[in-house]
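Below, each structure is written out as structure tokens.
After this come two complexes, each holding chain A, first together with chain B and then together with chain C.
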Partner chain A sequence: MIDSPILETRSLGKRFSIGTRFSADGKRTVHAVDNVSLTVRRGETIGLVGESGCGKSTLARCLVRLYDISDGELLFEGEDITSKSLSELRPLRRRLQMVFQDPSASLNPRRRVGDLVAEPLRIHGKLSSREITARVAELFELVGLLPDHAIRYPHEFSGGQRQRVGIARAIALNPDLVVLDEPVSALDVSVQAQIVNLLADLQEKLNLTYIFIAHDLSVVRQVSTRIAVMYLGSIIEEGPAEDVFATSAHPYSQALISAVPVVETMPSGTRKRIILTGDVPSPLKPPSGCRFHPRCPIAVERCRTERPELREYRPGRKVACHFPTV
Partner chain B sequence: MILSVRDLKVSFRTNDGLVRAIDGVSFDLDESEILGVVGESGSGKTVSLLAVMGLITDPNASIEGSIRYKGRELVGLPARELRRLRGNEIAMIFQDPMTALTPVYTIGWQIAEQIRAHQNISKAKAIVRVEELLAEVNFPNPHEAMSRYPHQLSGGMRQRAVIAMALSCNPALLVADEPTTALDVTVQAGILDLVRKLRATHKSAVVFITHDMGVVSELADRVMVMYAGRVVERGSRTDLFSDPRHPYTRALLGSIPPLTGEKPRRLPAIPGSPPSLLRLPQGCAFGPRCPVHYEHCVTDKPELGIGTHAAACFRVARA
Partner chain C sequence: MSDNIVRYCPRGRARAIKGFLRQFLSYGGAQVGLVCLVFFLVVGAVPNILAGPLQTAINATGDFLAPPSGEHLLGTDEIGRDVLNLVLHGARISLTIALLATVISLVVGTTIGTTAGYYGGRVDVWLMRLTDFFFVMPSFVLALVITPVVLEVMGRGGEILGFRPSLFVIIVVIGMTSWSFVARIVRSQTLSLKERPFIDRARVAGSSNFGIMVRHILPNLVPQIAANGALVVASAIYVETSLSFLGLGDPLQPSWGTLLSLAQRAGAASAGAWWYLGAPGLCVLTVSLSFVLIGSALDDTFNPRRRVIP
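And then the complex of A and B:
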């Protein structure tokens, strides 16, 4: 059922002020997320990719209102929730959940995992304690944990099992949308695939919508229906996952994807690699014009002065570049 | 032969019992050769290299076996002798460059200190050398970078500075422990290029530890796959990736999502998780997670055997 938008942003922006008037550089503003318009449809998975510091985690946190939004609008099922107060947001929290990278940091080490999974049910639900116990058992089964695991403490689990607990907590209240911020990055390679499969199964069973963030591009491609590539706070390319990987239009996406090391049985050199020079510029002093131009292999004068808009050049494919590969 | 490790065993006494971090690892390394060591956390890849560097100083650790560097036995060598080798002949790069840099001195100062600790040259000459080194590791503006503090550099730049430091004495052996894991893929590509260049220009032998099969397949000449403290497969890059023999190697390669072509609906995942080193199974450590195993996989430990491409598996031995 991929059609109606569940979440929508219109020119969303998030600014942080850093420093004080007493700092050497005075008070400054970082545009961590800048002018992002994104539509998330029910049942799909949007993968957010980009280098560290590109604003993907900040954007994800804005989407579930863990951060207040500085500019633009955020709509949930068509309703404007940009400036809802905390108490107004409370009923929504149940429907917007989040899974974090490090499961050991997000689980209280002093509480049994059964308790940890029951916590959201106690806070939000109106269930009796017997119903809660039954629901916890059901959730354990859903995420592939054994019923007798409930009386154990988080440290008794492996990383993969802890992430299963984190996922059980996130889905406890039957959410509509789950933001997954690097959910498999801290896990061993042999365990990553298990969690990726679990997430796919749960999405199908519970009709979940995912926002998926990971720096491992092959994992993002596997999980996502659509991908948004971010650079310095803005989306620079968007489209169906396989298409963006196969025929990226933006020179930055091309460089990013070509940099992923892949297992090749053939002698190396069959794949063309674009190596970017320099680092991601500081979002405190973003470059003029197209923000990618100082590192772009095909930049011309126009890129220095005129900032390209994210535009749809083909149904479903968007790019922000004056000279996209189309 | 630069390095020759024979039947290395490292164990730690803990309150919960004996942890066998490494249980009989052997490998050789030639001049200007890159050896990729792949494994998950707890597979013993880092501990085996710390042993080579003589950096296991825990009083509860016991190290057995032989580590020969250019024919000289390193196990049991006095700390003073080891210190002369480390940094000078053998250099190491870690995952987090901040652990190798002090925040209170400039990059230039730190690299110059390293040079002067091992070579008898003047401060002025050391500084000239630092600038050359920073240029070599592709700092866009080496002169300016010398006066920077670590916190003023990005993660990729810091790792380059650490590599410059590691290269300052032209080491014959460079040990890199997940040097690109904390970096973005775009930055990683640059660092991998750098390692290749160093091997070509300095003839350094490199041991590159990583959990990323992709990185190994792009960089290494030979590969060693580790699981629960033992080498389960070794071979040349081409052999190992075109004909992976150990079920663990196969399963690891199979569980990587493809970057092109059709997406599988489900990834072929390996069930379970790596075993605790405190309670290793009597037989093959991968046995409980292995898709194919015989009765004697439970009772006997498979040996790696000899040959350039070998796997520690009874099934492979039968075939």
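And then the complex of A and C:
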């Protein structure tokens, strides 16, 4: 049971339609998430990284079914939840929660934070008002806020405190899995560290599983046990965190990791920066073959025609490249 | 289960309210409107104390169409009733009709606007076509057609919910014909609100669609609803006055419109009885003006983009 996956996606895809048939370019489809197969095991933290617009947040929203899934399957503890309706999903919500990127926008400005934290308790629990008040106070303490803060409005808090409120809301029902959609990217660095530590503490105390989405690799490296790198809607590399950082196999991951600024402790020159040329192609017109080939330093003719599958080239390490650096 | 599980926060709330009041009262129009409104609300609340019971042909005290004097400050009508007395009692009827009609209009408008905006798609299209119908149809004409028909069907006798049927019908008809622009404004606001992350947050927490609309969207619509509600009252007063003037009011519970109608029929204009026409007319004008002033001041207060930059 320990090793059974808590969440699993099988060739998950999310398409968006853009425009109507009356628009200049007609009706077009964006594959925001394309063929993602990901297995999340209990107790681990999967870091999902990639640059802006690569589909990280869309994937996160699909995982908690905020978006309807276009292709593939989504399984929660072996149960298919790909096409469950809003009301069928409700019992599941208490076990599958999400923390959002922008803590200011994700709290209703006209409601007291205590009410916001109590909301999931009221929806799911059968607690009395008094029990809810007690639980809210307990949650506030757990995330490092004063219980007195419950009567304030979101605008009376700092960014870090707001994110703590967001976390308190997410863990209110003792969930099993929390999807963290860039939980710290809207905060400044010193606050980021506090929140990351808080998340780590909570994971230990409450036995949580995290899917941690970020574009900041140093944060991801610190919290994740496994890492999945995304490019243009697909996962291109996956493996244990330190492993991927030390020996990334995909040219894109190598470039991404080499771009992390580090304090220079080694003599310069031992660290090579790979600078990619060009921009991320539009997901409206993805390149043929390997999605990465137009920017890839080692691309050959085969990359232009044949799309590499995400395959396990070594136990625990997966990569989608014809010529992985092994 | 109670919705307010945490205690009222006096300080933050009080500060917000104080800030709002300071901004609101900095508009001259708001001050004028508020003073007039409070005056008429007080008058409408206790006309018996201020002017005695409503006078009828039986207990009329004055001469016929006597001009204003010390005894009758606003003169008398064609059967000797004190015009001041009638106008003060009329305030109660007129304001009741206008305010209740506004409540109906806001409830209908908000429900339709929120539903259309939140669900979108087909629901939105059909609800908005319905709204468009009421939008382009002059509500006065519609009310003018509906009121006599409904009155004919129901009869003028008896009471409905404590109102005489003609008043009740007027309230409902005004309410049902004036919600369209509230619905449009609420819908547009809902369209923007439903895309905000806190709505997603509520959905992840397990809120139902109805819960999201009532608990998360509605509280954010209050400013728009309040500002437009004041404007709806103003137009409700006009419609009520016009309908009553055309004889659709209740002669036993005269509103200002009914008084104008009686004055017209008594030939007040040609007889030079300016006090008889002028008193209710001026009241209608003042009250609706004060609602418009309050409404636009509320709008300016809530909408920072419309604040005048000094």
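To be clear about the criterion, the second predicted complex is superposed on the first by the 318 of 326 C-alpha atoms of A that agree within 3 Å, B and C clash if a C-alpha of one lies under 4 Å from a C-alpha of the other, contacts with A are read in each partner's own complex, and residues count from 1 in each chain.
Operating definition for what follows: a residue touches a chain if its C-beta (ideal position, glycine included) is under 8 Å from a C-beta of that chain, and two chains touch if they have at least 3 such contacts.
On a predicted model such as this, the values are computed, not experimentally measured, just so you know.
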Fit or clash between chain C and chain B when superposed on chain A: fit
Chain A-centred angle between chain C and chain B, computed on Cα centres after superposition, in steps of 10 °: 80
First (chain B), second (chain C), both or neither touched by A:156: second
Chain B versus chain C as contact partner of A:81, first or second or both or neither: neither
Which of chain B and chain C A:97 touches, first, second, both or neither: second
Minimum C-alpha separation between chain B and chain C after superposing on chain A, in Å: 11
Shared chain A surface residues [contacts with chain B and with chain C]: none
Footprint of chain B on chain A - complex, ascending: 51-52, 158-161, 188-194, 196-197, 200, 215, 217-219, 221-222, 241-242, 245-246, 255-257, 259-265, 267-268, 273, 275-280
Chain C-facing residues of chain A, complex: 61, 64, 66, 86-87, 89-90, 93-94, 97-98, 100-102, 105-112, 114-115, 118-120, 122-124, 128-129, 132-133, 136, 150-153, 156, 166, 169
Touching residues (chain side chain C, partner chain A) in the complex: 1-9, 12, 196-198, 200-209, 211, 215-216, 219-220, 222
Parts of chain B lying in touch with chain A, wherever the complex brings them together: 40-41, 140, 154-157, 184-190, 192-193, 211-215, 217-218, 238, 241-242, 248, 251-253, 255-260, 263-271, 273-274, 289
